[in-house]
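Heads up, the next two complexes both have subunit A, just with different partners, subunit B and then subunit C.
Moving on, here comes the complex of A and B:
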């Protein structure tokens, strides 16, 4: 006979195994979705208005359902729980049985479009947690989109023009906001924009792991990251140089637009886009698109705490007196070395020469007709040595001892190519004498601080003699 | 010794009970595992076009309708007798047949079927199958291309 010990072990393990099998069998017979289907059936029978409907409801079979979408390479099993999604009787039912809101399904039938193409989530999953893909345990990069961001999916197939008129006003509004806030000043989309920030072409379909979620409050999803980031970038990424702080609805709109930037493209038969030739924008719209993020309205010079430098007032008449169209074009196209002004020539930014011309046209609208008052003595008489003393007394406070401007200083760099090469020295002298309105640069002439013409000429000579 | 001996004779001994129950649970668990193993051969759904599909509300198919659903490869008809669905896949080599004056014609090898899908001429070996039409809980008609019904079966729904 067998020993009592071995028999006990056998009995115990047998019992454990049987219990496990019973639980597995129960889970197999009654998966999560089946409870919903039973409840839905009861709801149908209860709500049935006539006998025919009731009979149909009673004969409803429960079983695993799916929408097979060969063209989209998806199998959406959302309909296992969202059973009444196209049933008009379920207009007032509770979730998940509620009928789809609005008239969207008339043009987007479930059996052609499925669910996840608009709503995201994990279509092939059969439990709530994994299907909605939310939370740390779900391991799904495209969790179900909350209602406020669902419109971002419309832009996969529709153009913003059409969306703005046909129920996609929010996502179209997000696009307008994107253009008007000057996001392209730093970020490229479709190969067009500045190069300070990241290219945004795929941001809406990037894996969650690409985003630093450490300081994100709430769901650790891409859209939540984007929203929090638009509200306070430095709070999410400590060393971010992004200058934006949007409030509630604006940040939601911009998040919505950012979520439309996806790398995956819908199959052609699903798209309904009008590829209209690009509209020629006027100078003002272009200025908004590419410049406004840093220069704001351009009439006053601004000290930027993140860049630690003063951003010049480029639409200020005094500035425009100095910079003719040719100079502006050179600055825009070549950028300014060692500042945040990057190059805007076509190969670097995707902005065409014509657009640059339009921007210059907009900038120089306020250029005064008359030039500065001529300076009485020729610049060649300046003595750099005397200029050095005056510079250190009067100028270095704002422009720095070495004239580089930059960190924590009000003045701009005097070693930039503009000051060194492009501008006429006589103009520099006139600027020192008369100051520059709209900026912190005060007049230093006889009537103001008391520098004589000769002294000013000396300073100019000193400044122009900076080692290149 | 004596008492143990007596117990064994009168009722089942503790040792025997243990042995019996141990082997019994082991057997049950074993069968359970085998049953579970076979369960995995049957899938709930497959990665393929569904054979059961909704075609819309009955009022979209008024009497006299003859509609070809290209992507589903089926004709749907509605007449005084009710709704019926006939496959449009030729039974010969699987071309898509089209309606002709008095039935269906296959463009590939000229098989001809009458209005009920019965072969009249050509190489087709069998008649076109008729599919079951049911009604879904929301009132839509449902064609089940996986379930054939005898030729002439028409159903009435409203």
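Moving on, here comes the complex of A and C:
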């Protein structure tokens, strides 16, 4: 005799409980991967060409498989579903049973390297969604790499030299692009490069939370962020000063290279890297590596819309007339205050004195032998007061009323140490008279705008008299 | 010499042994349970009386206790959730490793490869958080039926201690997976623990009396979360707190029994529907008198034997109470398992001190505090929670009216007062939140104002002050302390629910206001 109410509650919830315990147990016995293993076994039996293979296929046991990566202290369980990775018969099978492409596995046996060493993803997971780790809901910082970026993993263990010849051409191409586009002009890698941009050493392994995904079209992943960013940086980060706009394939290559820059070093047992002594680079390569991003080929001065200032043409003969090697070295090593030209001293940029010298050698290749047409009157005769009037009429448009040049102006700063101290005043006068070809600086002499030699001398006197 | 004794002598030793062997199952079972399946009232009574686990209950139970509409089974559900949590917790302990290096991966392994591990983890998580909800609901039931009165005052206090323990157990468990949620909750909670500093700083006595930093260090084993914190939190979670909660739960149950079971209305009369919940005793058995008698235990408690009262409304605990308890157990188990089968306990990325979650939020059950904390660290983190707990502890001592104990909301007036408090607190609290969100607070109007003023005058303290004043006003208006307590308690519940909801759903990055989570800026 029991209370009917409680008895029915007891029985009904008992029924529900048993049902869900059975469901839980079923999921325990038949997890997602086991269905793949059953399907794979059927596929094996179907594809068997002779009796021996068929028997072997029929004796296949299903069960949890994992590769323990001793060096990394983690497990890869991908092979629970990707069952045919090293089975040549599965070359044409569908995913996830398909054999691994190429002959990579010959040198990278699955039982030593597992899968995530190259492909990323969450190795310990046993469901598709969490193992691939894609999307915000997966809460995994290293989602599986799409095939187009997998080569970025090769560089963890191999040098680019070796990769360029042995199937890693794309990632090696990315490195070349990185060096030739002058990325190091702003970014440091391995302690070498400019300091305008962010240091890139760990960018390939940074968690997704570091990247603002608000304006990224497509997948919200780090590699997609990088790719879109290389195509149009300001579109991803509105106030970015980065100056680059790569086309599709190039941006993919550079993304691939960026993904190689990871914080964690592979343990020794996985690495096969030749640490060759660094190749001495010639001036041109160095120029490309450190300077080209801003100065381009250096023959024309450029107005940069992001910096809001003019970038001088440093390989322009007219410029080189003014700047001797000593001046160039000072500018390069000290940088230019209040401009984007940062210091390239060894302590600041990691670039050796010898490399700076090589760069200067490359810059000054086109320096004309003869300096400039001598100026007829001595500079000491210039009157600053008259110079002031002329300056305000003719020069301040580009150089600014105070001669500081800088933001939003075409002209360079006339208060820089170069103009004020290092350059011979006579050279300044000659520049005003003849202009500077390849830059917006026009000639102001009698034949052009019509300033007399005396007026020019006055302007020089005024400019040199700027308070320091 | 009779026949039996002759048989004893004549039987060989070996045949005695085989006989014993044959009846082994029956004798072992009998020695453990002392009775077979009870089929008489005496046997039913002795089944309860002689069983260690059952004797915490009376041999007879009042019909009122068996009515689902009276207790709603809330206390039992809380207890069964505790049992479920302990059982699933032991399962998880087998696999979990409390070290910063392995904790996260061991939780992932529980999810991905341990048989039934994911569901068990979910059960542990949801049953644990369910305890918070059901202990609060149970507390509300006890309050509204006036069951903290007539000798049960201290048991109410034990109950409040159990509530605190449930909060702390949940919190310590939240920190164990060592993912982003754990780490940043640890940071927030340690900040809450450090919050008394705001007051000591304003008073300039931090140098001598730095209780905030002390409690933070006590909790974190240092000033920042690290491997020592994890170790300490784990120790609390699996050993210290479970021991303490077992002791207090034991005291809680023991006192219920000693206080004569559940409260019941003075004027109780069984209704027709009661036959659905209880089976009346067999009157024919004749071993129990129709009048209740009192033994030494009751006399020792100084009770006057009130003979010939209430006896008609008692039924045997076996099977009436046991089937009810079993039904609640099964219902709880089924609900937890079904919920856990579908809803996964969250786990984020591995803990990373360099990437703050924005907003970094405490576990949901502390978010009401975090909202108060955003107005004033001291008030939200220490002042108001202390005051609330103090108030909860004192309720049975400040309201000692013994009128209509065991009746929901006491009487018609009580219902009106409770409803009035519900409406007023809902409207006013939402009003205060809207005001604070729209217009800011003192700091936005007088940037130079001393922090001490804000500590004392902020939306949180004003609100709590209002609750107290309103309750005193109700006492004055109705002339009843019970009515004042009723307003106070209703407003406490409403505040907990509204503040928790507000801080969970409407506070986004940088603790800014958003209508819903879907409007948070994507990062």
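We adopt the following convention: the second predicted complex is superposed on the first by the 453 of 468 C-alpha atoms of A that agree within 3 Å, B and C clash if a C-alpha of one lies under 4 Å from a C-alpha of the other, contacts with A are read in each partner's own complex, and residues count from 1 in each chain.
The rule is simple: contacts are C-beta pairs under 8 Å (C-beta built on N, C-alpha and C of every residue); 3 or more make two chains touch, one makes a residue touch a chain.
Note that this is a predicted model, so its numbers are computed, not measured.
Asker: Touch test for A:74: subunit B only (first), subunit C only (second), both, or neither?
Answerer: The second partner, subunit C, only.
Asker: For A:385, using the defined touch cut-off, is the partner it touches subunit B, subunit C, both, or neither? Pick first, second, both or neither.
Answerer: So A:385 meets neither subunit B nor subunit C here.
Asker: Using the superposition on chain A described above, determine whether A:64 touches subunit B (first), subunit C (second), both, or neither.
Answerer: Both partners.
Asker: State whether A:141 touches subunit B only (first), subunit C only (second), both chains, or neither.
Answerer: It touches subunit C, and subunit B stays clear.
Asker: Pick one for A:107: touches subunit B only (first), subunit C only (second), both, or neither.
Answerer: neither
Asker: Could you say whether A:207 touches subunit B, subunit C, both of them, or neither, answering first, second, both or neither?
Answerer: After superposition on chain A, A:207 lies in contact with subunit C alone.
Asker: Considering only touches as defined above, state whether A:52 meets subunit B (first), subunit C (second), both or neither.
Answerer: first
Asker: Please indicate which partner A:23 is in contact with in the superposed arrangement: first for subunit B, second for subunit C, both, or neither.
Answerer: Only subunit C is touched by A:23; subunit B is not.
Asker: With the two complexes superposed on chain A, say which partner A:166 touches: subunit B (first), subunit C (second), both, or neither.
Answerer: neither
Asker: Which parts of subunit A are touched by subunit B and by subunit C alike?
Answerer: Common to the two interfaces on subunit A: residues 1-2, 4, 7, 10, 13-14, 17, 21, 24-25, 28, 64, 77.
Asker: So in the complex, the part of subunit A that touches subunit B is made up of which residues?
Answerer: My answer: residues 1-2, 4, 7-8, 10-11, 13-15, 17-18, 21, 24-25, 28, 44, 52-53, 56-57, 60, 63-66, 68, 70, 75, 77, 84, 86-89, 111.
Asker: Provide the residue numbers of subunit C that touch subunit A in the complex, in ascending order.
Answerer: 66, 68, 105, 108-109, 112-113, 115-116, 119, 179-180, 276-279, 319-320, 323-324, 326-328, 330-331, 333-335, 337-338, 341, 347-350, 352, 355, 521-523
Asker: Taking the touch rule as given, give the residues of subunit B at its contact with subunit A in the complex, in rising order.
Answerer: Counting only subunit B, the residues touching subunit A are 15, 18-19, 21-26, 28-29, 32-33, 36, 39, 44-45, 47-50, 53-54, 135-139, 158.
Asker: Mind pulling up the subunit A residues that touch subunit C in the complex?
Answerer: Counting only subunit A, the residues touching subunit C are 1-7, 9-10, 13-14, 16-17, 20-21, 23-25, 27-28, 64, 74, 77, 122, 124-127, 130, 139-141, 207, 209-210, 212-214.
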